[in-house]
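Chain lettering (A, B, C and D) follows the sequence in which the chains are written, and residue indices restart at 1 in each chain.
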Amino acid sequence: MPTPFRVSRFVEFADTDMAGIMHFSAFYRFMEGAEHALLRNLGFSVFSEAGGEVITFPRVAASCEFQSPARCEEVLDIDVTVERVGTKSVTYGFVFAHNGRSVATGTMTSVCCRIPHGGKPVSIPIPEAMAAKLRALADA
Amino acid sequence: MPTPFRVSRFVEFADTDMAGIMHFSAFYRFMEGAEHALLRNLGFSVFSEAGGEVITFPRVAASCEFQSPARCEEVLDIDVTVERVGTKSVTYGFVFAHNGRSVATGTMTSVCCRIPHGGKPVSIPIPEAMAAKLRALADA
Amino acid sequence: MPTPFRVSRFVEFADTDMAGIMHFSAFYRFMEGAEHALLRNLGFSVFSEAGGEVITFPRVAASCEFQSPARCEEVLDIDVTVERVGTKSVTYGFVFAHNGRSVATGTMTSVCCRIPHGGKPVSIPIPEAMAAKLRALADA
Amino acid sequence: MPTPFRVSRFVEFADTDMAGIMHFSAFYRFMEGAEHALLRNLGFSVFSEAGGEVITFPRVAASCEFQSPARCEEVLDIDVTVERVGTKSVTYGFVFAHNGRSVATGTMTSVCCRIPHGGKPVSIPIPEAMAAKLRALADA
């Protein structure tokens, strides 16, 4: 089992909806924020550059299951695991908890893309320096 | 095959991110908006009342796969299908397209809950009037 | 008095917060959406091109005063007025109402900028074709 | 001059728009987050209770002027000052900066309200314990 990378995230008033709980779409923003924190922790940016090109990671899939509501002013622990590193894509797993209570679990697959100026994303192999570090996390 | 319920949705500047495309979390807001439009079309509100209690539908799961980017000022056609009506939950399917181009497909399961004042959601059977109409859509 | 340009906007569940009303930050998104609708109505896009350069309108100021809450599933009428057209900037006024009830009033000043690839916005004179149409609205 | 209360805030990818900078509506969310952090620092919650009633602070006005763009992965310093404490309302001032560069300045007026179950906000005097602490900040 790989050791998860943990980030903590505060639920703000603006994240809630009229049902009195965090809106479900915020979980996807939080997953992305945790993914980006993991990448920064490896020394990479959300928009990294390799070989003079902009490299970024749009999603091809994201899912989440919700076990219990997250509420305003709660701090969520988000554990990110690198589940699979393919040639061009990375799949992450996410576990949300609050004080040990299960809140949600999710998964997200991001594809390495270069974005030509004004053009559409083109999938490319993950740069080896980044892939090696992600694989190390997946195998940890 | 049930006939889908179609809503059209305009992609706004505020829905985009620095990659120049609609942020993936917006697809979940759009799925919810389409679900609520379908419920209104059946004569029900997002926060309906039955027997003096507030009835609403928090999600237990939502997933989406992304085939091509949605861009600012595009109109997305969102086809909603009622895939399954359980005693307490409804599963919807979503197909996003722009001018016939596949953009994304998603699924979402919402659970019927009553919310006591100040309390946490408690799952309950879907009120029969609503369940009957949802089943009719699923079987259409 | 110039004739306002009117857009209608539906308040969605995702726009609300735990106080049971539309979150105040949504009013700013709605003002931007109305501004962009006005520009499209004049034949211009949010990201228009003139002379081969991308032209867009970041804000330098935005304010809003709130008279009464907007609620889920309400349709807001938003009246946009072009209040002032300067050499490089446009100031818009906004009046939000629901069924004749005052909801909010706002103002927003956007500055015409060209954005060099990868660079920061540089303010420029509004292209004359656009300025002329905006002035016509302001003087209407 | 009162000593400002400072919070730091990370600009996330999801806060950006296709112009490559933080969307202007995010500044209002950030102002609210800073206001709530200040209240928590005084020992109060976003939804505090006094005399068995829910007390919260909807806005009656918010404005912001933007001096320079905020970008993804920047940490913004947000200095909050209590500018005025009225009987029922509080006015805050905000200064956003990044590494000493001016980013934006804002102001926000929030009104103390009790919210009856299912009803609309009713403005009330700020509870004295809270008002005293806010005045102390304003006079500091």
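What we mean here is this: contacts are C-beta pairs under 8 Å (C-beta built on N, C-alpha and C of every residue); 3 or more make two chains touch, one makes a residue touch a chain.
Remember, predicted model here, so these are calculated numbers, not experimental data.
Peer 1: Name, by label, each chain that touches both members of the pair subunit A and subunit C.
Peer 2: Joint contacts, listed by label: B, D.
Peer 1: Hey, which chain ends up farthest from subunit C, C-alpha centres compared?
Peer 2: When every chain centre is compared against subunit C, the largest gap points to A.
Peer 1: When I count C-beta pairs in contact, which pair ends up with more: A-D or C-D?
Peer 2: C-D
Peer 1: So which of A-B, A-C or B-C is the twin of B-D, meaning more than half of its contact pairs are the same residue numbers?
Peer 2: Repeat of the B-D interface: A-C.
Peer 1: Which whole number of Å gives the spacing of the CA centres of subunit A and subunit D?
Peer 2: About 28 Å separates the centre of subunit A from that of subunit D.
Peer 1: If you average the CA atoms of subunit C and of subunit D, how far apart do the two points sit, in angstrom?
Peer 2: 24
Peer 1: Hunt down the residues of subunit B that sit against at least two other chains at once, touch-wise.
Peer 2: Residue numbers touching two or more other chains: 13-14, 18-21, 25, 29, 32, 47, 72.
Peer 1: Which subunit A residues qualify as touching subunit C in the complex?
Peer 2: On the subunit A side, the touching residues are 13-14, 16-21, 23, 25, 72, 117.
Peer 1: Which of the residues in subunit C come into contact with subunit D in the complex?
Peer 2: Its residues touching subunit D are 18-21, 24-26, 28-29, 32, 47, 56, 58-66, 69, 115, 120-121.
Peer 1: Once bound in the complex, which stretches of subunit C touch subunit B?
Peer 2: For subunit C paired with subunit B, touching residues are 12-14, 29, 32-33, 36, 40, 45-47, 72-73.
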